[in-house]
Amino acid sequence: MQAADPLAFGAEGGLFRRLRDTAGADWTGYTWHPFVQRLSDGTLPLKAFQHYLIQDYLFLIHFARAKALAVVKGESLEAMRAKAAGVLAILDETKLHLRFCAEWGLSEAEVTRVPETAETVSYTRWVMDRGLAGDILDLEIALAPCTVGYGEVARRIMADPACDLANNPYRSWIEAYAAEDYQALAQSAAARIDFLGVTHGGDARFNRLAADFAEAARLEQRFWQQGLVAA
Amino acid sequence: MQAADPLAFGAEGGLFRRLRDTAGADWTGYTWHPFVQRLSDGTLPLKAFQHYLIQDYLFLIHFARAKALAVVKGESLEAMRAKAAGVLAILDETKLHLRFCAEWGLSEAEVTRVPETAETVSYTRWVMDRGLAGDILDLEIALAPCTVGYGEVARRIMADPACDLANNPYRSWIEAYAAEDYQALAQSAAARIDFLGVTHGGDARFNRLAADFAEAARLEQRFWQQGLVAA
Amino acid sequence: MQAADPLAFGAEGGLFRRLRDTAGADWTGYTWHPFVQRLSDGTLPLKAFQHYLIQDYLFLIHFARAKALAVVKGESLEAMRAKAAGVLAILDETKLHLRFCAEWGLSEAEVTRVPETAETVSYTRWVMDRGLAGDILDLEIALAPCTVGYGEVARRIMADPACDLANNPYRSWIEAYAAEDYQALAQSAAARIDFLGVTHGGDARFNRLAADFAEAARLEQRFWQQGLVAA
Amino acid sequence: MQAADPLAFGAEGGLFRRLRDTAGADWTGYTWHPFVQRLSDGTLPLKAFQHYLIQDYLFLIHFARAKALAVVKGESLEAMRAKAAGVLAILDETKLHLRFCAEWGLSEAEVTRVPETAETVSYTRWVMDRGLAGDILDLEIALAPCTVGYGEVARRIMADPACDLANNPYRSWIEAYAAEDYQALAQSAAARIDFLGVTHGGDARFNRLAADFAEAARLEQRFWQQGLVAA
């Protein structure tokens, strides 16, 4: 019997877990990227974090648009309500980013004027395009690695012996994703993939879905990587 | 000088008002349709109202999807927030419909099982399609006749000498749209059209926009009409 | 063992055949609608046919757009090529309609100015919306009842003892769909549904796909019906 | 009076020319990128060209999808026909790429298996997203820098004293875009922007359109750049 993986979200045997495990090194390379490791041990240069956070701000705007596309898909009233609330939650999350930026002396107007990098454009528009080309399952598969992956990133950091949270300069960022409410959000996003896998033919479509899931993980890796390169 | 029209939303000379006035009989035929007149004087058969309200419930689900498409358009963070809140508001509005239906002994499951009529399908999917084919201005022009028009419908009823609200069986429906908050919503939807008209070339695009606006008004007429026919 | 049905396209046990058989009376009510029966025995009033054909012209423009959306879905290079060629074929088919109209003294400008009916708007925009909401399988399921159904309509007419083709005023219309190339097109559209059913989880998604297939058949019925009502 | 620019497509004072001139260094940095200069003088390493061409193959598949989205926009029957033919032309252009690849010993299956780079994903999906978010003018503005720009690239190379076509290893590539039919295609794409600028409010929307045009030029620069980096 396979031992339970304390890092993984989603049910054993469910579609999310199968996609995660199939992604293998692509997934680990994302959720335990050197950028994350240095967030964890607190050695990440501030400049790297700043570059990342500003791009993540721009990212979230388009991520909210992609979530809105999931409302357009109209799978059920319940799913529409949850996703519309998710859009608002993401748009609120941008305010958190702006608070960080304000601490660094960057105003909203300045942040918004920063050009999107290729890493930001490629990831966000690829998600939108999977949503345009595919159905709700394709779209949610493109969205999930971000939502669930950040939950796993936080779990990995919290389990990291090198992480001394009390003295970590990125403590508030880490705690935002380690918090119970975010962890519950990540769990419910994984559970939704499991659900859609059953209703929308996940088994028959597994190869294509796995390719998309792994592509999203690689796009996340590049997204972290741009921060390291910028520092 | 043109006297101010107390029924009309939007600023004098703004795009919304120009579209409304250009639509002429198509607009009046919608906002003062025999169905509306009989709502106003209380003579509308209950069966007509029931048919209408059930279809309106099904309509709202797709109208919420179309509003979500406006979030996807991503014109500005502010517009995205307002529209995402609008999606949730519409999905809440459906609960009001279900309360009416419950009074008539119809459960949500039963209402949802009613097939959409041609009138419902044609109007809702036409709005979605204008949003897919066009930009945020095209989409908002397709959405506005419903949102703003219901505000004008309520104004017309409140100004109607034949309307005795105290004894009107449809009083709660009328009051929902005559209420200050709905009137403010209608006004802001008209103001948004005026704004987008300026930023998105409304003058140069006027003929096409006017054709769409009038088409939406005619689709609304058919939507009322199905209620009368059903009774 | 079930006897082969000489009218049906698609392979026994394939997804198309299962959808067709599940649609039952919805499918028969479409492919052997009174409008079709009177086309077959030649008693259809010309006015009915004219109304139908003009709306079918307007229909085809949006049907071509929906086929283009299948190219956007980008399932494979081969499928994209076939579908893009299909878009051009449909746009050519409109010329055939214009030739009929020209015989009746109607110019292209006049035909294009005819307003779309609720039947035309509801069917075409519903197909587009299924394509926006769903994946390539959802979209092709919405498209197939038209493409394959017209092939079956022609087979039914050719097998109808009441049809005297030599003296039938609608002979050229009938022969266009009974022709080998159209019959091959219908067969390949059915085969494509079978193929996508396998690759895109048709079994798990059967209930929803069957509901859409039956809805398309009912939208086709209303499309014929409008011709009879107009006469 | 401004002297005519022999490199520029589109009419003086038309929207395309204004966008090109406003893009300034973004446009020149694309159409006379070091990659292009080394194509022109024949010093481009084969490895750079190979990397570029394989990514361009993958690019074209999504560019064809974006052109299909222009058919979905359904602006006019004439525009739909032209664009559907354009989709097929692009899909044919991929065969030219495969011929090059075959000469290098790379089969279609191998080329298709090459992962898309961030440069390829970002550019193609950004175009698609502009098409989803905007109207036909927004989409054509996102498409035009590629189509028209390659025409200008060829003009620049043909006018380059450093270009000795007879001995240039990239001669067939250069001649494909310098050919009369491609030059005519580029001219008609520029003329279409001018036309849509008039019908779709280009003046009022100029700032946003100019930002998109310049973004596309920068995405093209990155696309060339990846070839140089790979060598």
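Think of it as A, B, C and D in the order they're written, each chain with its own count starting at 1.
What we mean here is this: a contact is a pair of C-beta atoms (placed from the backbone, for glycine too) under 8 Å apart; a residue touches a chain by one contact, two chains touch by 3 or more.
Since we're looking at a predicted model, the values are computed, not measured.
Counting steps between touching chains, the shortest path from chain B to chain D takes 1. Farthest from chain C in terms of Cα centroid separation is A. The pairing of chain C with chain D is characterised as same-residue: of all residue numbers used at this interface, over half are used by both copies. Inter-chain centre distance (chain B to chain C, centres taken as mean C-alpha positions): 33 Å. Between the CA-based centres of chain A and chain B the separation comes to 37 Å, rounded to the whole angstrom.
Shared interface positions of chain C, defined as residues touching 2 or more other chains, are 65, 72, 74, 128, 132-133. Those residues of chain B that touch chain A in the complex are listed here as 61-62, 64-66, 68-69, 71-72, 74, 77, 80-81, 84-85, 87-88, 91, 94, 128.
Against chain B, the residues of chain C that register as touching in their complex are 65, 118-119, 121-122, 125-126, 128-129, 132-133, 219, 222.
Chain B makes touch with chain D in their complex at residues 72-74, 132-138, 198-205.
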